[in-house]
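Please go over the structures that come below.
You will see chain A twice below: alongside chain B first, and alongside chain C after that.
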Partner chain A sequence: MTTMLLTESFAERGARERARALLDPQTFRELIGPFERIASPYLAAQGVVPQSDDGTVVARGTIGGVRACVVATDGRFLGGSIGEIGGAKIAGALELARRDAQRGTPTRMVLALDTGGIRLQEANLGILAVSEICDAIVALRELMPVVAVIAGRVGVYGGLSLSTALCSEIIVSEGARVGLNGPDVVETESGIEEMDSSDRPLIWRVTGGRLRLRQGFATELVSDDVPAIRDAIARAFETPNELGPLVAQVFPDPRLARDDFLRAMEIQP
Partner chain B sequence: MSASVRGRAWFERLTGKARPVEGLPPSVLAADATIEGHAVRVIAVVPDPSARFERARNGEMGIDEGFGVAAAVNATPAGSAILAIVDVPGQAFGIREEAIGLQRSLAASTQAYIRARRGGHPVLTLVVGKAISGAFLAHGLQGGWIGAIDDAGIEIHVMSEAAVARVTRMERDDLTRVAKEIPATARDIRTFATFGAVDRIFAVSDPDAPGDADIADVVRALAEVLRTPEIGCRNPRDRLDVPAALHTRTLARRVREELQAQWDA
Partner chain C sequence: MIETLTYEFPATQSVEHRAHVGVVASGNCEILLEPAKDGRSAVVVRTSVNGFGGTWQAVLGRFFARNPVAVQIEINDFGATPAVVALRLEQALESAQ
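Let's turn to the complex of A and B:
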């Protein structure tokens, strides 16, 4: 028990504890907490037990003494998927942060995402929410940094990986993965020769945090350690180091055979 | 799977002899058309059987398509609106794309549409075929006004039915049943429209080869929307307040109300 408490792993925590860990001590205040029971009404009919926070936690507090909001998704609940409620929590928080910035009382916004993407069980509502999240991130970025922290067990895939790429600062851990299509989906759609979703080391080599930093798609690579992540977030707000523009980078000829292409990218096939 | 001809068919009918925008990949069509006196940059993503990425040959949004659409949108002439013609079966599912970082390519076009719209270019969307997942997010769903044709061939979802079955471990028959009971999981345009994101549905004679009357109908509607630029500049958030959404997106509205009430302690 004692050793568990001494570890400062971020990935081992649930969404609520992750949000608490990123805010200054004793400042965590949850909005629309689990006791308000705004849970998805779409899941039971599809054989899934809903969760009273819908897998997304919004918390206010301070970061470095400045007003802040952390939104954390729970990768352990339906893969951290985003449905109507979770999507509205993220979009709504971003909209309020923009309002604050326009009023001259900026709220530091941190998206601690751990998600496989849009929730299939409420797909239409999820995709609409993600279109709102994308718009809100771009709008807030006009006024202040929007910081993403990808340091959970799932990483970020699907519509939310697209949203993440719109952020001004992206902090990734070595254990995190960032990609558009999950390995399962690539295998289903394109075959096991394209991607073997059971080959976990390959998945990390192709979508892991270390590669993303090398490519310049992340501003910082951190270990799975709460103080390290907090320091990286502080740097992101104090001395912003914005990601480059979203333009194509040089890459090998995609007509190369799969393994040759990966080797040309310095990725072991 | 045979590649869809719709995107190109509608693009060609709506742009006519307008000069194509150069420097784009063959799978991204763009031309500066005039619709009843309004300058409109029309953009479509179409199949290219010889595309250099083998997983992006059927009209999918891949590396070249995302960055290509972004380039077309970013270079929209001052004072011009944008019309996205949507017939995208999904994003490209390939390991090369994942290694390169497909999320950034799709983010590039998404960001381009958002900045254009917030910068005063009306962005209109016409869905004529499939509108799946990341591909729709990156090409079409940021439109301030969205129209669609009324056709069973239109499919709006976040994943193919086969992949959904695998990920959710549900049988495909069950998925079809669930789609009838829970509109949020449906794939047809009429159900999608109940959520307030579709402003107009057009009845057409032939979705693959639109006739003169079909085109005239669409052009009349587009011109009407373009007369009020604010319509094409509406943000996705504004869709929550349209009448259709009042009863279908109640939780998205309630969450925002609660957040606002609790934001400052």
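Let's turn to the complex of A and C:
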């Protein structure tokens, strides 16, 4: 009970408050915030109410006194899904961080993702965004660590799980889940014998943070506690894991990965 | 389809800052509140739940009767109940002062 009362939950916060919590106190400065009103232009036409920040928050500030940028997606708005605007915000932030690193003023990049993946209402644009984000992560990873924090209520599924796997450090909480297809998708596509999406213990056993750490798809497991997550982020930047997560070890160059895949499919790369 | 509603209220007081509260999530709404110059308040509501214009009028009317502030308000609603809307309005006003 004492521990519960002393814990500063990360998962209970919204995206903006998560970004604020990960940056040093009083350094939060949002880029393309809600008053810029750069919301998705596609949702209203499909009968869905848009959100003024498109569910993605990009904030500058410092982490451990060093220039930093935190990207946080809000799992409460359309499942944290990524459309054209949110995707462009993330890719743009990564691209700026790469330019900063090349100019000798490194920006610590943290992706605090909580997302079901690409937004179905903007499917093609979402797919394009994911590929841009993947490219940008790989380019930045060459210069400095790219840290993903998966500690929200949704976790990371779908297209963004591919981008996350490319990060050099992946911090997960026990309550978070990481997977390509979410439980509902697996049940719909492969039947209830394959996965019963109402079986919550099963879902965490096969996609939960603890398992992902043991499989090598994450580099650190944290509790749902802001100071614990901040400590893990500081460690990730100060003593980066040389090898990175499993995916980065197996596929150091995504172009090689593509060629390997095509060869496996008996297609000439 | 989305319903867009607009309202106007007379105002005598002013606020210092703009404020952004809430989230477009089930049973919730997002409110953007900005100081307005002329002595009127304007509210634009975009909601996924149609046919509640009268309820919005009542909730907003009560808010502005208690707080006659000159503000521009934009609400993106995803089925928030009147109580949630009232609390979000109070929260936005508190953050703006």
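Methods note: the second predicted complex is superposed on the first by the 234 of 269 C-alpha atoms of A that agree within 3 Å, B and C clash if a C-alpha of one lies under 4 Å from a C-alpha of the other, contacts with A are read in each partner's own complex, and residues count from 1 in each chain.
One rule holds in what follows: a contact is a pair of C-beta atoms (placed from the backbone, for glycine too) under 8 Å apart; a residue touches a chain by one contact, two chains touch by 3 or more.
This structure is a prediction, so every number in the text was calculated from the model and none was measured.
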Discussion item. Quick one: is A:Pro50 in contact with chain B, with chain C, with both, or with neither? Answer first, second, both or neither.
Written reply: second
Fill in: Touching partner for A:Asp74 - first (chain B), second (chain C), both, neither
second
Worksheet item: Which partner does A:Ala11 contact after superposing on A: first (chain B), second (chain C), both, neither?
Response: neither
Worksheet item: Thinking of the overlay built on chain A, is A:Val66 touched by chain B (first), by chain C (second), by both, or by neither?
Response: neither
Worksheet item: By residue count, is chain A touched more by chain B or by chain C?
Response: B
Worksheet item: Looking at the overlay, does A:Ala101 come into contact with chain B only (first), chain C only (second), both, or neither?
Response: neither
Worksheet item: For A:Pro34, is the partner it touches chain B (first), chain C (second), both, or none of the two (neither)?
Response: second
Item to complete: Under the contact definition given at the top, report the residues of chain A touching chain B in one complex and chain C in the other.
Response: 47
Worksheet item: In the complex of these two chains, what residues of chain A are touching chain B?
Response: 29, 31-32, 36, 38, 41-42, 45-47, 58, 60, 83-85, 87-89, 91-93, 95-96, 117-118, 120-132, 134-136, 138-139, 158-159, 161-166, 178-181, 184-186, 188-190, 194-195, 206-207, 211-212, 215, 217, 246-249, 251, 253-255, 258, 261-262, 265, 267
Item to complete: Can you check the complex and tell me which residues of chain A touch chain C?
Response: 14, 33-35, 44, 47-52, 55, 74, 76-78
Discussion item. Help me check something: in the complex, which residues belonging to chain B touch chain A?
Written reply: 52-55, 63, 67, 70, 90-91, 93-108, 110-111, 114-115, 118, 133-134, 136-138, 141-142, 156-160, 162-164, 166-168, 170, 178, 181-186, 191-192, 195, 197, 235-237, 239, 249, 251-256, 258-260, 262-263, 265
Worksheet entry | Sites on chain C touched by chain A in the complex | 1-2, 18, 20, 23-25, 28, 30, 32, 34, 46-48, 74, 76-78
